[in-house]
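Chain nomenclature is as follows: A, B, C and D, assigned in order of appearance, with residue numbering initiated at 1 for each chain independently.
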C-alpha cells in the first residue's frame, strides 16, 4: 500500500465512500451468456467491510457506467445507500450524490480502476486505486491498494479508512465478544 | 503451514470439524446473477478430503451466515452431517451442534476466514484459518493453512488432522490397492 | 513486453486490428453447461481499450474458429466493426476482411494465442501474441504482451498501438477534463 | 516438468490417453447452482491438443467418478473416443477400455490429479500428474507437468507425448501453411 503523506489527513474527513463496480467490486471479469451479461463475481470480504463501514457511520454509494441487474442485487444485499448505474456522465451522478448526502468534495472518497474514473478521482478529497488499476489511475490516486479489484482491494481501503478514523478497534472488539446477536451482511 | 506447538495436542482430541462456507469452502467469490446469487465455486480436492475425514470417523458440519441453495446441494453430495445456514447468531448454531453431536469444545475444530468466525474460533479446541484469512483471524488461529480458501486450504487442514490422528496412512493404503469397489464423493 | 525493433515501424501503418476470441479476449476458459457453452468471461479493461481504439479511428474485427452467441453479444456492446465466427478457414475470413475494409496486409494487426492463429499471423503487418500464448505463436509474433489473455493483454497491445500512433495522449486528455458527456463502452 | 529417465521409453509405446476430468481437464472448481452442478470450466488450449493428438492417431478416453452432462458436451465437441462417467470402480472402466481399444497397459497413458487416480496410475505404462496434483499422485507419476490442471497441464503432457513420438513437427507444419481447409476443434 503506497500513499502520499497527506492521505491520512484526507481520510479523516471522509463521510461518503463511492465505488466503481467492474474492476473494483469485481476483478473486471464480464461473464457474458447468450442473452448478455449473465453474472458478476463479487468478493465476500469486500462485502463485510462495506457493511462494517456503514455500521460505523459512513455513507456508501455506487457509480457505474454499465447497467446490470446484478449490481442492484448486490447493492441491496449490502444496503448500499445510493446506486447510480448506466451513467453516461459519471460527473453528473457525482454532483447529485453530493446534494443527496449534503457533503463537499473533501468529505468524499472514491475507489476506481480505469480511465473513466479519472474525472471524479481528480475532484474527491480521497481518491484510491485498486492494485491492478490502469497506470494513469494509480498516478492520480492518493492511495494505491496492494490487493487487486475483486480480491480484497475494497476491503483493504475501507480498513485503512476505518483505522485512520479510529473506528476499526471498535469493530473488532464487537467480534471478540462471544455472543453476537446480529450478523452483518457480507 | 504455521502452527503453535500445542496444535498437535489439540488436534488429537477432535471429533467434529465445522466449516464456514464463503472464503473457506470457496475462494470468497460471490457469483451474482439478475435474480441473486447464481452459483458457488467449490473445490474438488476439498470435497474428497471431507469424504475421507467422514469415512475415518470424524463428524462434519457447516455454519454460515448467508443462506443459499448451493450449500445444501454441496453438503448433500458430500454427506455433511449437519448444515446451519443464514445464522443470525453463529454461536447459537455452535451450541446446538455441541448438543446434537454430544461433544465438548475441546473436541471441535473450526475452519474460518473472516471476522464473523472469531467468536467460534475463540471457543473451539482447534481453530484453523485459510491462507488468505483476515489478519485478525490468522492471529486467533492455532494453525494457518499455506493454501487459500477454495484452493486447497480445507484439504490441507483435514490432511493435517487425519495425519495427526494417525488415520491418513490407512486412507492412502486403500487407494494403493488396485480394486476399489466404492468411490468416495469428491 | 518484448518486441523486435521493427515493431514500431509496423505499428505505425495499422488501420485494422483483428482479435481471436478464446485465449485472447478471454483467458481460454470454456464454461460448459448441460446444454453446451454457457458463457464466456471477457475483461472490462480490454473492452475500454477496444472502444477507445475505434474512437481513435482504427477498425476492429473478430475472427474465431468456434461459434457462440456470447461473442455476438460482446461484439455488439463494443461496436466491433466485423465478426467472423465458426470459420473453418480463418484465412478465407481474413481475405474477406481485407476486401471489406479495403486494406492491405501491412495495415492489419492480429492478436492471437494458439496454433490456429499462425497462418494469419504470418501474413499480417503486425502480429501480436498474448503473454500465455503457445510457444510457436510467441515465436512468430512481432510483439509478445506481458499480460495474459483475458487479463489485460489486449489492453496492453492496443495501448501500444495507440501510443505508437501518437493517439494515446489525446485519449487521456479527454478523461482529464471533468465534464464527460458520453461514456465509452467497456 | 520433472520426469524419470524412463519416461521417454514409456511414452513411445502409447496408443491411448485417458483423462480424469475434475482437476485435470478443469482446475478443480465445481460450480454449483441451486439445482446442482451448473457448469465446468474447460481450457481451450487443452482442447486443441486433444484434437491434434487424435488426428495424429492416438485414441482418447475419459474416466471420471462424478457424472455430469457437461462432460458429455465437451467430449462430443472434441470427439473423444470413449467416455466413462460416474464410475464406482474406475478400474473396471479401465479394464473395459483396454478391451474396447485392444491395447495393453504399456500402451496406455493416464493423466490424474488425486488419490482416486492412483489405482489406474499404478497400472498404466505412462502415468502423468498435473502440476497441482496431490503429493501422493505426483509421487506415483512418471511425469509431473509444470502447468496446473485446467490451465495447460493436459496441453503440456500431450505435446510431450507427440514430440516424443515425433509427431509434433508434422502438426506444426500444417499450421505454418497458409491455406487451412479444416479447423480442428479446440
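Quick note on the criterion: a contact is a pair of C-beta atoms (placed from the backbone, for glycine too) under 8 Å apart; a residue touches a chain by one contact, two chains touch by 3 or more.
From a predicted model like this one, the values you see are computed outputs, not experimental measurements.
Farthest from chain A in terms of Cα centroid separation is D. Chain D is reached from chain B by a rotation of 90°, derived from superposing Cα atoms (nearest 5). Two copies of one sequence, chain A and chain C, touch each other mainly through non-matching residues, since under half of the numbers at the interface are common to both. The geometric centre of chain A is 31 Å away from that of chain B, both derived from CA atoms.
Between chain A and chain D, the centres computed from C-alpha atoms are 43 Å apart. Under the contact definition stated at the top, the residues of chain A that touch 2 or more other chains are 31, 38-39.
In terms of inter-chain touching, the protein chains here make up one closed cycle, each touching precisely two others. Applying the touch definition to all chain combinations yields A-B, A-C, B-D, C-D. Chain D contributes residues 22-23, 28-36, 38-39, 65-66, 87-91, 113-116, 118-119, 122-123, 132, 134, 136 to its touches with chain B in the complex. Chain C makes touch with chain A in their complex at residues 31, 38-45, 47-48, 52, 68-70, 73-74, 150, 152, 171-172, 175-184, 186.
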